[in-house]
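For clarity, chains are labelled A, B, C, D, E and F in written order, and residue numbers in each chain start from 1.
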């Protein structure tokens, strides 16, 4: 029996994954799931496959997701009038109501996709188990409605679900001390949860390739940087719009116990898998001081 | 120091509760929550207080709820055209989408109310932990869309949440073998869950006083009946509309391990508490053979 | 179905208890049981009901009791000659023998009363599990026999009984390093046990209403005081006889981890229950610094 | 270094004990403690040493004891008038009160002796943990007061104490369904407890050498017999007074799971130890069918 | 960032493995390791990599190995005279001594190779924890020395090592009731252990491609057969030498709870991995009745 | 029944053992087994009996053994040429191979002897569970081959075996960071393991009576010394050959948590037992500061 070349390569790929499986065994990995990877059905299926594989080989993945364009679609559908303050959409009570409905439905549809692959998921919001406590966020002092900043994370429900071998899928809705409902930025929620869980890794699925040294120059993608370098970028003011708060969030998370943050391009099929299981680095990694990069982008 | 009469009565009420607390200690109680008690804010608050008290004194309550009039309100709001088959509303994909959104939001608002009283609740649907498996229900052979009959209950997630001391709140959404989403009748879900959990008690909060011997005669309320008597009612065909399937469900549940079913009037403030903790029986109890009624309606 | 006024009040009383149940859930409460409440059969029954209710709603009560007038009765009955030193009764070997017999019998009769209400009690003395280690107490340097001061509390047996869901009932008999038997003041034993168990609450059932600001003026009952105030009372020297050492004991217990001490009138039916479950404060509470009183005497 | 003969013999004795230690490792052994061994201070000390050794080498001994002559001494001391029915002493309420006091004091003094050797004992009566449930015993139809026959043994408290590594010491006081207090024959209690615990061995410390084939002939001591032989003795009617019910009790215990019963002479120093740890059998053993005698009397 | 074709194939290989990882999660897999795969250093390394990967992704692999040609080499080296009975080598005491030495050294060298990949292995023989009890095997009634047939497997030590997350590596040396040492055929040992552990899978690494329908025709390799077909082969008498007892052993194992046996060619690099993680079947699988083949040879 | 003198002495011996059993209950005792006690079959049997008895009465013994004269015998048998450096035998690869084979076989034969007495042993080397990590030892800078110094002890496998009630038997083979195999001095291994396990006692079975104050004077045997005295001996330079490194090792072990080291004469039958269970001290004890000798040599 002669095995062809391709079948032997399969074995090599699996063997190549061995040290990575070992490295992250029983480690917590928070995946911020959003952007195109949440819209494109094929990409969505692949992200779920990746996370399920992480679970099956012994990691403890946690998905934190936003509602993407679904919220806007439903706000529109119900004919609500948008309000703006300082150019920011105001989350009034009616909008919050829709946002919560949509986020929870997205949540359950992700649960379903994971279940379909044979792994039991449980979808929760920040209200469940009193997980995400918030306070009102103001935009330059102006009231923008029910938008919250996380003030405390009660990890009990997450830890209990992980202990019982479920895959937790979390949507970023919280509550304040008067038990009012708040919308939370999904990036913020992912950072706060990764920090509270002392996650080994926090991975952002975004719609950019990673962080560029020069935003104009697509060849200047940084494959790895230290916290200090990341801090310089933030201070330097050369970073493009959405990346600035995300990077600051990452730095904060790493200063509070997260070992490694990864900003990767969710548009690449199986980006999560490739990043973790092969020696082909994807996107931009921010690494803790003293920890050499375990695998390198080519 | 002379204590007035009223303060001593307080003590008596608490002492009166003692044997009931003892009887249900660590027992599972499924509460089907619906009807007026879900609309009236004051009643809602009281139901939640009652369930929280049950939890705190050592019972294991589980809430199963429907979406009540909220689903209709949102269907209307989004301008959808209702379809009917045999006079029954068809749950097409769009309706199912709304129903799932609404049910999950109602779910989280109940979670919030429980949390507010200092007990940690976790809201889940039948998708979470692959809890409620369904198959399509047909109405006289006609397709009425995504309405499901439960074929299997995986109690793992419920048991795990109870073990970790959370109060589970469940909305009746399930999935079939193709992982499509289905709406489930909340009464059916409560019965199936009570049966699978081998609950000690299944309590229905309804908008009627209980079961009447003669539907016309409000004085003919039955405070207690055996399974056999309940079966006779069902067979006799004298029962009013909604009560028939509910009663059949109850009988089935009791034939599969539930010890006692209670149909009570959710419009009575603290009806759950009064039924369980005082010697004043409320509504209609169906009791297992050989088990004498522990407490009696006056 | 119209419910009368009284039945609704029952619900209110139960709901009123909710925050107190929550507050003491799984907390240890040491009840020093003595005085009239131990002689009057009706009061005795009520104290036991109260403690059983505390157990059933999730607290961890421990009863510490004395032998009251029973010891004197039996000393007399056996025709022993009393000896006195400095006006104090000397506990010679024969008296100690009777005291131990009587205390253990009282102990078992309390066990029986608790059992009767369906909760399993276990009665132990300070010898069991080597719980209460003592040294001889001298009265102004004079030997008064087998009266002991506790030098160490081995809480293993108490913790094990609580873990296994028994209600421990303890009589104050100890042993010294030569394994001789000693009588211990029940107040002292309760304080030492509450301290060693880091109890949340230590409640004394006494034959006075509480602590008076002015012993002569029955209107000067203090409903709450801080440790500092209690210390001032002790130092001030205005306190009546038995209260002085009791108060000093309480202060010591609170300085070693007990959160709250309560001196209440055991002659009030269900005083324990009323104190803990209603907003009607009974007797005098000494509270830890920085902890506001959770409920107030009216 | 030349070791003398005696020191080498010590090693041999210890090695000789090895198979017996192995055989009874983690097995339950109920010791009925009574008779002379309870009166003679030297014998008492030796019995306690033996039981403590059993505990330390991995057995699970349980002591069940009577009150011996102490009860009579105290009844006399308090000047009570004895009542008799059919020649049997009637246990009226006053006698029961004394008996309970005395038994509990004896119980605690045994606890103390065990403690003194560094092993933690816990003394309980049949009331503790609702262990020994009784019904009134009648003597030929006549009421003889509070003398009880055990109807149920709740082993929870015994198992819990053993699990927590305490040595349980039990005095034979029980309760009936009205929670009245009853005196129980200590032999009966030992048999009932050994049966309920499915003890490996039940050892009676008595004041006779064992069972004689011919009561008159001291050379006819039986070192081992089967259940059948024991039954024949009982039926044969040749047995002396106290031995008859004891033997019937033993047979019952063995028919309900106890593997071996041993009737031995408590007047022999360390009889328990010698019987269990050496190849020198002591007294009379009744063995289960099919089980050859593991060690033999010489 | 454009990813080349090869990197995407890596992801596909990992995703392809997903259902297999899921299927065998926490399942026990016994690997009989022998033949060329034990001699060739490169193959040896690959087998170990495969088993370590199985361990890391959640399986519970157990290695059972022989001594291969090493035993012969050492017998020769020490200049021993071989004895034969019926053409079979007799395992006299001196040979047994060498065999045990060699087997244990091979055992520890496999332990080392596993350790080197970061997974903790523990090497044991059938003597450890009294695992493999034997009786003497006779060859047509003739004594062939210390060759044993397994009569009982005590799985405690294997289960304990698996529970503590070690990878057990077992060499086939056993003991009889006189605690004499015996050599056991490694195939027999693997079958007995797989049976006792109720393994999901038993994989033989051999030096043949699998079972041929016609031993002469290399194209007649059978990729899958039922127990019945396997039994026919054994009865048919057309099977080549070593395969006959192996097949009979497999059938026995499957009749006692092993779900699937696999005879594969250990000379194929990563054959274990390919067989389990890809849809490319290798060698011959014998499957339980009613269980369709999960993956197919191409 | 009159018991003769000798039988009573048996009881006394067992009772004499009581405080020692108590003292070492659940304590870890490392026994370095070597010398004559490993060659003489009768002595060997007695050592194993002693260790098994220790296990059965609740201690946690661990055996660490060398290969004694067996290694030399096999080296000779295979006709290898010995190499020497500085007068020390060089452990080249071929010698290491034999040493490992022999040590593991000795290991399994000890396992067998323990098993035979009914206690389950598990034999492991320092490779198992990555227990003994080494680095190459040089003799005055010269390479003497695969002789290792322990740099780290991973106690997981030892603790797991003890937890599961096995008796661990360890042979001193280790591995370096390149996973090469090393021979370790058995005394060193015993010290390192006792230290890592924080053993209560470390006992060396040697071929000398103990430590002499004056090596020439057999009457100058020291029965007990402090760490300081031992240190003086080592520094003093008056100690005979093999004793010097052994003593230094002992001192190191005691400086790192071992409470007591015992050097005893393995040629005395049951020396271990006599030392531990009788008041007859054997050999030389080195005791921790402040700890008086618990038992004394006569």
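The criterion applied here is as follows: a residue touches a chain if its C-beta (ideal position, glycine included) is under 8 Å from a C-beta of that chain, and two chains touch if they have at least 3 such contacts.
These are the chains along with the protein names UniProt gives them: A, B, C, D, E, F = Acetylglutamate kinase.
In this text the structure is predicted, and so the values were computed from the model without any measurement.
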item	value
Shared interface partners, meaning chains that touch chain C (Acetylglutamate kinase) and chain E (Acetylglutamate kinase)	none
Recurring contact interface, reference E-F, options A-B, A-E or B-C [over half identical by residue number]	A-B
Rounded Å distance between chain C (Acetylglutamate kinase) and chain F (Acetylglutamate kinase), as computed from the means of their C-alpha atoms	56
Gap in Å, rounded to a whole number, between the CA centres of chain D (Acetylglutamate kinase) and chain C (Acetylglutamate kinase)	37
Gap in Å, rounded to a whole number, between the CA centres of chain F (Acetylglutamate kinase) and chain B (Acetylglutamate kinase)	68
Touching two or more other chains - residues of chain B (Acetylglutamate kinase)	none
Pairwise touch network: line, ring, star, complete, or other	ring
Ring topology as an ordered chain list, initiated at chain C (Acetylglutamate kinase) and continued via chain D (Acetylglutamate kinase)	C, D, F, E, A, B
Chain E (Acetylglutamate kinase)-facing residues of chain A (Acetylglutamate kinase), complex	1, 3, 7-11, 13-19, 21-22, 25, 46, 49-50, 52-53, 56-58, 117-119, 209, 221, 265, 268-270, 273-274, 277-278, 280, 282
Chain D (Acetylglutamate kinase) - residues contacting chain C (Acetylglutamate kinase), complex	77-78, 97, 100-102, 104-105, 107-108, 111-113, 115-116, 120-125, 127-130, 156-157, 160-161, 164, 166, 173, 175, 179, 181
